[in-house]
Each structure stands twice: as structure tokens, then as C-alpha cells.
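As written, the chain order gives the labels A, B, C, D, E and F, with residue 1 at the start of each chain.
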Amino acid sequence: MLLKTMENLWISSGFATLDLPHIIMLLLAFALIYLAIVKQFEPLVLLPIAFGILLANLPITGIMAEPVDGAPGGLLYYLYQGVKLGIYPSLIFMGIGAMTDFGPLLARPSSLLLGAAAQFGIYVAFIVSRLLGFNVQEAASIGIIGGADGPTAIFLTTKLAPHLLPAVTIAAYSYMALIPMIQPPIMRLLTTKKERQTVMGQMRTVSKVEKIVFPILVTVISVLLLPSVAPLIGMLMLGNLFRECGVVERLSKTAQNELINIVTIFLGVTVGATATAEQFLKLETLKIIVLGLFAFAFSTVGGVLFGKLMYAVTRGKVNPLIGSAGVSAVPMAARVSQIEGQRANPANYLLMHAMGPNVAGVIGSAVAAGFLLAMYGG
Amino acid sequence: MLLKTMENLWISSGFATLDLPHIIMLLLAFALIYLAIVKQFEPLVLLPIAFGILLANLPITGIMAEPVDGAPGGLLYYLYQGVKLGIYPSLIFMGIGAMTDFGPLLARPSSLLLGAAAQFGIYVAFIVSRLLGFNVQEAASIGIIGGADGPTAIFLTTKLAPHLLPAVTIAAYSYMALIPMIQPPIMRLLTTKKERQTVMGQMRTVSKVEKIVFPILVTVISVLLLPSVAPLIGMLMLGNLFRECGVVERLSKTAQNELINIVTIFLGVTVGATATAEQFLKLETLKIIVLGLFAFAFSTVGGVLFGKLMYAVTRGKVNPLIGSAGVSAVPMAARVSQIEGQRANPANYLLMHAMGPNVAGVIGSAVAAGFLLAMYGG
Amino acid sequence: MLLKTMENLWISSGFATLDLPHIIMLLLAFALIYLAIVKQFEPLVLLPIAFGILLANLPITGIMAEPVDGAPGGLLYYLYQGVKLGIYPSLIFMGIGAMTDFGPLLARPSSLLLGAAAQFGIYVAFIVSRLLGFNVQEAASIGIIGGADGPTAIFLTTKLAPHLLPAVTIAAYSYMALIPMIQPPIMRLLTTKKERQTVMGQMRTVSKVEKIVFPILVTVISVLLLPSVAPLIGMLMLGNLFRECGVVERLSKTAQNELINIVTIFLGVTVGATATAEQFLKLETLKIIVLGLFAFAFSTVGGVLFGKLMYAVTRGKVNPLIGSAGVSAVPMAARVSQIEGQRANPANYLLMHAMGPNVAGVIGSAVAAGFLLAMYGG
Amino acid sequence: MEFLDSLLISVLGIAIVFAVLVALILMIYLLSAISRQISKSKAGDSDPEKDGQETIPVISAPSAEPQTLSLIDVDEKTAAMIMAIVCDETGIPPNQLYFKSIRRVQDEAPVQNEGV
Amino acid sequence: MEFLDSLLISVLGIAIVFAVLVALILMIYLLSAISRQISKSKAGDSDPEKDGQETIPVISAPSAEPQTLSLIDVDEKTAAMIMAIVCDETGIPPNQLYFKSIRRVQDEAPVQNEGV
Amino acid sequence: MEFLDSLLISVLGIAIVFAVLVALILMIYLLSAISRQISKSKAGDSDPEKDGQETIPVISAPSAEPQTLSLIDVDEKTAAMIMAIVCDETGIPPNQLYFKSIRRVQDEAPVQNEGV
């Protein structure tokens, strides 16, 4: 009996069923953990994701198992419901809204044009994905990587192509972390030294009233135009209203701290846990990774080219380098603009000016996601 | 094809379906946001409610949609479950318990009589509502506005007349914010200047043991008498026990900060989101608003008159102005007593004395809700 | 009609149905509250549990009622789902992981042997429970009390023998609080004065890399060997990785504060609420209480005897008193080792040395639970 | 008829609210009586520091000589214990707390939580 | 054909994004115009502190010399880097941080980010 | 028979616990060996501060006299008690707390937990 029990234990252990694909996934998890910790690649999200991959690819744990016949499901199955039902990304957006200062955008509203132009890569990647044989829902989910905005990408992919969720999410966050490597060559390639040296004038002051009314009006206008964007823009702007109104400090603090932290842990681990070997180790994942880079690059191109257009139209008052910040990836992309600006002209302080397009990019990609959802959702 | 797509987009946009009722609701939302932010009308609850009204009345968002045939429901539908199942109000009560000091009530137990008397308006509004044609469940939900206690009103209305939830909630919180305008005329009308000038003696000291035993005994006694009150009183007193026992500081802090904040956001937004134009723009809503004011006024009357009785019985030792604080609306109503007391006699400091009836009123309205639930629930 | 209504109210009040068993349960709740507050018996868990017992045994509240025919269930029924589905214990483990420093264990890996040996009582209690007529699932749940680890005990019992949950949980936490009374006599009985006087040498230094890699490797190895342990060890080590990696400070803080606090409140109250008179007042509860003490005692014996073995093998370099700390019950058991060590030799500072076995015991009991789950679960 | 019904229910309702709250009043009086009794018999019995119910002037008068701790009528061991308890209660790390004096509560001093 | 479809959708998509964001731009211009109008008429009317609606110079210039940053013994690239790092570390949005001077750390002097 | 079963399961159970934990021990030894190897080769290579992988003396000895604690006018039991309380109160794991001296509180001297 002892022998039989031990045999059963061995059979039910992970060693007996650990195969090459799962080992590859474990190595991938280790690599992501390394990148998250040592290279600080968006660790708040990629570390939980990596750990989720680890847990989901250790065999026979049942940690993502659905409940069957009254037996409860796995831990991560339950935590995953918040992803599946689209709850977590919206709550994260509430926190982001509470952390975001739209002041620079209000001070120079034309920033929004850059935030629109820098969604260019979404559509380029969408078209190429279609050419590569992905269906429209999949192509839209791959394209949204070019929005450079994690929660938006997760939100859309969950609704359109949940089987691509881990690949899209990992690509989105990884490239966001790689912004300082992806963007500068493109920025320098597309701009002249003279353009990059442009020093921008001071911004107008913004009244408190404007800051309070802004989130409300953005909600009304964008949701009227694109109803499907309501959960994302609505929660983003609710968070921002908490921040700016000055009378609900405790709600604002909770939205940008405990609530977003709890949701981030749950979202990260469970998105990672959808990356099982069966699901993830496919040629299409590789394609998504490549297409994601493509999307990021072309979003940068879109932003910079539009920046050049604004440089031309304003006769040299707008530095085209702030265009690349329109991809969102707050505040990383704005810092890249600052650094490149200063490289061309040490007296150049673009950070504040780049924050406008930067936060506009968050709105831009949410709107793009709303459009794609309206076209291909439900 | 492009034209057709654009036509579809137009049809699926909110503009095509935005009609007058929804526009009225949006204006109502703006008005409530204005009151919450500029006039500071209970902003912690009314601001989320107003934003919920906004989101629910922008057309075709599906943000409150139930899940159908496997397609997930809207974001606010899921967050609303905590209201529907009666979870949020109880958790908010836990936080309130952890914030409440029952010391003044323990120091002068007769405060509880004022906390009982000031529930008078609940029953007056109940009777009038019945006369106006509301059914018993509806009348009970309208009456509870007179309890001047938001979570209690939400809890009861969810169970008895969920279709009245937004009207009752908005009325309750709005009138709580208007306490400084509603109560003083009634207080002055019903009391003589001599009564209002009454200076009250010092209160006895309360031992730590009493403060710890109090929440336990309140739970036992009131739940034994009225079992349906268990979720409200139970959680209120659990929170208070956390506060007073001195050994679970971290639970107490979490209950009165992060937990209550998270729940307040979810509750506010989703209660607001039940106020769709179809639901809300009815004659009955107007009646509820009027009846709510009625309820508040008569609760104040009840408290003040019982205060006068105590003034008489104690031969002028109790200032009847503290009676109005018995409506609850902590600590607003107690502050009104203080201000009126000082207006009559600048040497008069009623705040501490009014805190007893004030916190008693929370218990009083929960008990009243328990009674109504026992009569008309389930 | 009034009379009839009053009669109905009386019938529906708790007094009419309060019987002796419920009164006993209420007294038990009071006793636990007393122990939690005055004697500080693990108040963070036992106070909510005691209050849950109180609420569940006040009659006719329906606070734990399942939903039927569309009528919503009781408040605690919903909060209980996190226990029933095994979610809360894992989340608590995440917080514990974020609070735990495995440095002392890494500095002296042989600590893990003591953490293994001190699970001895689990199996002794298991065997005796079987002899007393409990079935294997029940016996395993009773045995796990000897793991001296609350969340592990709750996790296993929920899966194997949910009807024993309150008895097992209360026993586990009570005996953890009684560690300073249970362990010292056993420790002194089994060791010589010379052994107890052993001063231990300094521990090696531990690099940051080791601390970061440790949680990852523990997860991989233990989950490969025992897949069923994944939710416990996985979350414990995820929390620890948050702590040690140094790049997700905000997730670490949230895991060890707000998240664990919220979950602790919900878990405590609802576990307590499963202790209804019908469920709890049985001879078997008494047996479980006795068997739990038994389990604790034999776990201590296991740890101390293995400590003596290490004393012998290392020729007096290991003080056997640190063995008892292997039961887990962090950091209480380690402090007991320190105090006993100093009693024998005032120059003896065992605290640091006992922390290794102490945290090893957490891993040890989780592994033991995983084994029992693999044998008797599902 | 219907009106009469709601009137009756209302009377019953307010009566119930009063009944429950009067029950609580009686309970509080009982509780405070017991509490007073206990603290009185304690005060007679043994030293008042026991059981945490007496007033301990823990963090008292500042100003003159910082960092000095005067122990009035209290031995050092008890003082150390009190300091540890205070650290615990307040959650202030021991190294950030300074005690100036610890004095034994006299038999004639009542519990004073004024202004609660 | 399929390619043409996706191209059309993409053109439409980017157009929609521009349309929505241009609508927001118009809205902001309107909003700021109204806001200016109000604060102007207020300034004429009464004292501007009233009602919390006054213009707060959110992205304001430091009082004396706007946008001036004295770099002492430090090159501008390093200074920019330091500013970016400080923003990042402190989590303060860049537009709310003011640097008055950045000075090279001397062997005997500490890092000085005055006015941070 | 049933007893034998549970005995066998128990033996197997404790064996599994030991097996898993012994596996962890081996893993830690391997890990620390690799970690030492790396930091040694690093130390040879380049400056050890690089890359955050250097050996940090987490459980280090206070520089001068390791593990020495001067007890001034205080017995060892009390000292141990104080240390345990301080660990508990501050939430600092015991291995990260260093006490240099514990001195009895004199009437004129404050409590001194230097180096906490």
C-alpha cells in the first residue's frame, strides 16, 4: 500500500508531467522576473505577470482551474474574473486618473493632436496583422499594443481576443519599458537638428475650474461620440475628478494607492496565468511580439511627423520631439522627449511641454480602443 | 462600405439617441456635481453618485447592462452587486463604527431617548406616503429618509423598493447636507429663548471597560429584539469594538480608511447609475423629494420636542437644542445644536452634549429600519 | 390588528427562540472576546471570529443564509465565499510573505530540518484522530492544527472537512496564543541544562540576490514536488518576492497592510459565523480541542528532539531550544526559545537563531497541508 | 382603514425604537454600575496600576530638564513595564518616546477621562 | 479586397480619434474662454479669492525670474537628468517641481537640490 | 489495519515534508555557492557596488565587537525582555536590530536603547 501511495504521489507530482513546453515557459518567467527586477521593466505589472506565468506552468496545480460539479475552482481562476469581466482595467484607470495632472494639456490644447497622431501605429499594426492572417478581432487587439497603454490593451483584448491576452499584455508592457531604446533613433531620423533645438515658450496658466470641468466634459463628449469607451474614459475621468475637485481627498488617495495596488496584483498575476504553454508557445505569439514593436515604432513615427507638421505650421514654435510623447507610456515617453531635446540643445527643457501630448495619448488610445470595440465587439 | 460603416458608427453613437429625458438627467448630474464640489454637499457620496448618473444617462454605453448569453455585463453592473446584495452599506457601517466615539452617549445614556424621538419623521413620512398612494414597501423606504442616515436608507430601500433607490439616496444625502438650513428655524420655533440658553453640566467620565463592553451589548440586545437589524448594527458595533478594544489597531484603521473608501466609491457610482431617465424622471421622484424634506423636518421636531420634555422633567438641566442632533447626520446635526446654543448664549458649549443624541440617532434609525424590514421585508 | 402585529414581532424576535445551546455559544463568544482583548490571544483573528460567533448565534438574523429563489443571502454568506473558495487564506499568505524575512533561514539552511521535524504533531494527531473515529479528511484537518499556522489550517480544513472549520480554526489560533505556556515545560523536560546553555555562533551573511532568488526557487521546487501546495506556497513566496526585490515597494506595502487587513476581517468574522450552536456544540468539538493541544505538544516534541539530534551531530553547536520554534507561530515561538535560552544562560541570545526554524515552520506546515490535500482532497 | 393601519404601524414602530433604546439605557446604567463597583473594589484591593483602568499620567509635563525621568513613588521595574505598555498602545517606537515622570496613582484620584 | 477593408477601417479609425480629440480641443478653448471671462468679471466685481474659482497659476513661474535655473559647476545634461530622476523618485509630476539651483557635489559638500 | 494505514500515511507524510525541505536546503547551498562565486569573480573583475548583486551583510555583526552587548546596571533577563519587546513593538525583525547597551534607568537618566 505504501508503494502504491508513493507511486500515486509521484504520478500526481509535477515532475512526472513536466515537459519541454512548460520548461520553456518557466524559463520565460525567469527571464521576465530578471527584466522586471534588474532592468526595472515596468516591474509593478511585469513582476506579477511573470509570477503568474510561473504558477500557471508548474504542472497539475489546478490554480487556474474552473469549478466543476460543485468542486471549487483554483485561486487564480477566481481572481481572474476581474480581468475577464473587464473590471480591473477600469479600476486601474481610475487610479491613473487620480494620479494624472491634465494641466499641461489644458495649457496647450493642441497637445491633443499629437496624442491623436501617435495612435498611428495602432492602425498600421492592424493592417499588417490582417495581412498576416489574423482575424479582425485579433488584428485589433494586436494593433492596440501601439497605444502604449497597458490597461487599455488588456481591456480591449479581453473583449475581442482573450486568447491573445498574455502575448498582447507582455508585449505592451515590455515595449513601454523599452521606450528609451525604441524612440530616440526614430526621433533623430525624422527630425533635423534645427527642429530638435527648438526651445518652446512658456505655457499659459490653468485655472482650478478648468481642471475640474475638464474630466466631466471629456467624459460627456467622448462617451457621446463613442459609447463603448465609457468604462475606460469614464473611470479615468472619475479618478481625475476625485483628484482635482479638492473635496474628496480620501477617495482620491485610495484610488491611487490601495485600490490600484490590489487590482494591479490581481490583474498581473492572473494575466500571467493565462500564458500557459499550450496557449502561448505558438508562432502567432512571435508574430504578435514583432507586430507590437512595429506598432510602437509607427506610433512614434506618427507623433513625430505630426510634431513636424506643427513645427511648420507654427513657424518653429513647437519642437517636434514632443510628438513622440503622444504615444502615452506616461511619464517615460515625455522623459525621452526631454532627454533628446537637451541632447540637441542643452538649454532645452521639454519635459513640461511633452507632458501634454503624453497624457493626451492616454485619452487617444482609449478612444482608439473604443472605436475598435464599436466595430468588432459584441 | 466606408459610408455604411460611418452610418453605423453614427447610429451607434450617443448623439443619435440622446433625447430630452437623458439631457435632463445629465443636467441633474452637473447640478449635483456643482453642489458636491462648490457647496460641499456630502461630496464623498454625492460626487460619485452624480458621476454615476452621468455615466448611466449617456446613451448606449451598456455600462449597467446585465450579462446575457455569456457576454459579460457592464462594469457598473458588477460593482452594483455589492449594493444589490446589501454588502456595501454594512461595510460602510463598519467603518463608521470604527470612527464613532460612543463616549458621550455612555456618559449620558438618556441621549438615547433623543436618538429615538428624532426618528419621528420616519413614521410621519411613512403615513403621508401611504396616503399619497405609495405601497407599504415604498412608503417605508421613503420614510427612512427621515433617519438622516445614508447607509441605513440604502440598505432598507435596496431590500424593500429598489426602484426608488436613487431618489431616496439622493434625497437622504442632500438633506443631510442641508441640515444647517433645515433645522435652525424649526429649533427656534419650538423652543423659548430661556430654554435655548440652558447651560448643561459636565458629563460623568466613562471607563475604557464600558466603551469596550458597550458595542457587544448593543449588538446582543438590539439583534435579539430585532433580528433583521443584525447586518447594520452588527457591523457598526464590530467596527466600534475594533476601535475601542485597543488591540487590533490595524483592523480599525483599515475599516475606517481604505475599506470604507473603496466601498464608498463603488456604492456611490453604482447607486447613481441606477438613476436612469426612465427610472428617475417620474412624478413619484418629485413626491419623494418633498416627502424626504417632510421626514427630516418632523424628525427634527420629534427630537426638539422630546428635548423640551427632558428640559421640563430635569427642571432645566437639559438644553432642548440637543434634541435635534438625534436625527443622526453625524456630526453635522451636533454642530447645528452647538451653533444655535451659542447664538442664544455665547457661553454655551453644547457640542459634546449633542454628540450623545447624535450617535444615538445612528442606532435609532438602524433600529427603525430593522422594524420596517421585519414588517415588510421578504 | 395591533396585537397580532405585536405577536408576530415577538415571534420573529430572537427572545422567543433563544435556547440554551445558543446561549452557550454567546457565552463562548464573550469568553473569546475577553481572551482576545484582555489576554491578547491573537486578537487580530480571534476578535473577529468571536464577533462572528456572536452574530451567527443570535437567532433568526439570516446573516449567514444562502440566497433562495432570487431573495439575496445574508451579509456574511457573501463574505464567506472567500473562505469557501479558498481565496482568503492565500491572500493572507501573500501578506505574511511580504512581512517575512527569510534571511535567518538562508543564513543557516539546516533550520529547515527543524521546520520539518516540528510538523511531527500533525501526524500524531492525525493517527489519534483516526483512532477516535474521525474519517481521514477530518483527521487530516485536526492534525493540521499541529502546524501552528492559521491560514494553512483554514485552507486545508475548508477543502477537506468544512464542518470542522470553526473548531479547528479556534483551536489553532488559541494554542498559538498559548505557545508561551505550552512549550516551555516540554522544552525543559526534553533537554538537559547543558544543552540549553549552548551559545550559538554567528550566522553567515546573506546576499540580496539569494533573498530574491529564494522565493522563486521555493515555489518551483515545492510546487513541482507537491502541486496542491501551489496556492499557499505560491502566494507566500509572491509576497516575499514583492518584499525582497526592492522594485515594487507599493505592492509589498499593500499586501502586508490593507489587503491582509481587509481579508483578515472578512475571514475572521465569517469563520466565526460558521460556528453555529448546531454545528459547534458537539462532543467532537471537544475532542478537536484536546487533539489540537496534543498536536501542538507533539510538534514541539518533534522540533526539540530534532534539535537534540542536531546538538549531538554538530557536537554542541546547535542549541536544541531553537527546535521548538520550528512549529511556526511566528514570532511567538522564536521568542519562547529566546526566553528559555536566557533562563538557562543569561548570555544566551537565541532569538535570531530561532527565527530560521520559525519561518521554516511556515513552509513546513504548508508542505504538510499540500501532502494531506494530495492524499485526501478532491 | 388603510390610514388607520399605517398609523398603528407607526405608533408601534416608534414604540419599538423607544423600547430598544430604553433597553440600551438600562443596560448602560447596569454596565456603568458594575464598572464602578469593580474599579472601587479594585482600588481597595490592590495597587491601582493593575488592569489598565486607572489614569496613568504617562506622557506628562515637559519643559525643564529634557530626557530626565523622575519616578515618584514607583519602582523602576514597574516604570519600565509602563513604558513598554505605552509604546505598545501608542504604536510609537520606544526610541521615539520620552518619559519625564511616572507617578503612582493615589487612592483618592478617580478615573478621569474628561472631555470624552 | 480584405486589405482595402482594413485600410478603410484604419483611415476611419484614425479619423475618429482625431475627431474626438479635436472636439476636446474646441471644448477646452471654450472652457478656458468662459473661465477667463468669469474670472475677469469677478475681478471687476469683487475680490478674486472668493469661491475657490480664482485662477491658480498651476504651471506657474517661480516668483522672481521665471524658468531660471542656476547651474553651478554642473553641465545642463546632468542637470536635466537629475531633474528627471527627482520627478521619478518623488512621484511628483514634473510640472509641479521647481528647481532653483543644481550644484555639483564637492568632496566636502552634500547634494543640494534646494527648493525641491 | 486502519491504524496501520494512518501510521504509514503519517510516516510517508513526515518523509515528504523532510524530502521537500531537504530539497530546499540543497537548493540554498547551491544558490549561496553560486552567489559567492559570482560576487568573488565580480570582486576580481570590477568594483563590487555594480549591479546590485553585491553581498550585503544582512545579518551582519556590528563593526567593532560582534554580538557584544553591554549591560549597565541591569540584569540579563530584563535586558532580554526589553529586546524582545522592542522587536515586537517596532516590527523590526530581531535579526535587524542591534543593541549596543542597555542601562538601568537612573533617576536622572533617560532610557537608552542606543543603536535601535
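Methods note: a residue touches a chain if its C-beta (ideal position, glycine included) is under 8 Å from a C-beta of that chain, and two chains touch if they have at least 3 such contacts.
Keep in mind the model is a prediction, meaning the values are calculated, not measured.
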In contact with subunit E as well as subunit F, sorted by label, we have A
Tell me which chains count as touching both subunit A and subunit F. C
What is the chain whose Cα centroid lies farthest from the Cα centroid of subunit C? E
Same or different for subunit B and subunit C, when you check if over half of the residue numbers at their contact belong to both copies? different
Which pair wins on C-beta contacts, A-E or A-B? A-E
How many angstrom lie between the CA centroids of subunit C and subunit D, rounded to a whole number? 33
Starting from the mean Cα coordinates of subunit C and subunit F, work out the distance between those two points in Å. 23
Please compute the C-alpha centroid of subunit A, do the same for subunit C, then give the distance between them in whole Å. 40
For subunit F, give me the residues that contact two or more of the other chains. 9, 11-12, 16, 52
In subunit A, the residues touching two or more other chains are 5, 9, 225-226, 246, 258, 375
Flag every residue of subunit F that touches subunit C in the complex, lowest number first. 2-3, 6-7, 9-14, 16-25, 27-29, 31-32, 35, 38-39, 52-61, 66-67, 69, 75-77, 80-81, 83-84, 87-88, 93-96
Contacting residues of subunit C [partner subunit F, same complex]: 101, 103-107, 109-110, 112-113, 115-117, 119-120, 122-124, 126-127, 130-131, 136, 139, 202-211, 213-214, 217-218, 221-222, 225-226, 246, 331, 334-335, 338-339, 342-343, 346-347, 349, 351-352, 355, 360, 363-364, 367-368, 371-372, 375
List of subunit C residues in touch with subunit B within their complex: 5, 9, 12-15, 18, 26, 30, 33, 36-37, 40, 43-44, 47-48, 51, 54-55, 58-63, 71-75, 78-79, 257-258, 261-262, 264-265, 269
Residue numbers of subunit A touching subunit B in their complex, please. 84-87, 90, 94, 212, 216, 219-220, 223-228, 230-231, 234-235, 238, 241-242, 245-248, 250-251, 253-255, 258-259, 374-375, 378
Contact footprint of subunit C on subunit D as seen in their complex: 5, 8-9, 11-12, 16
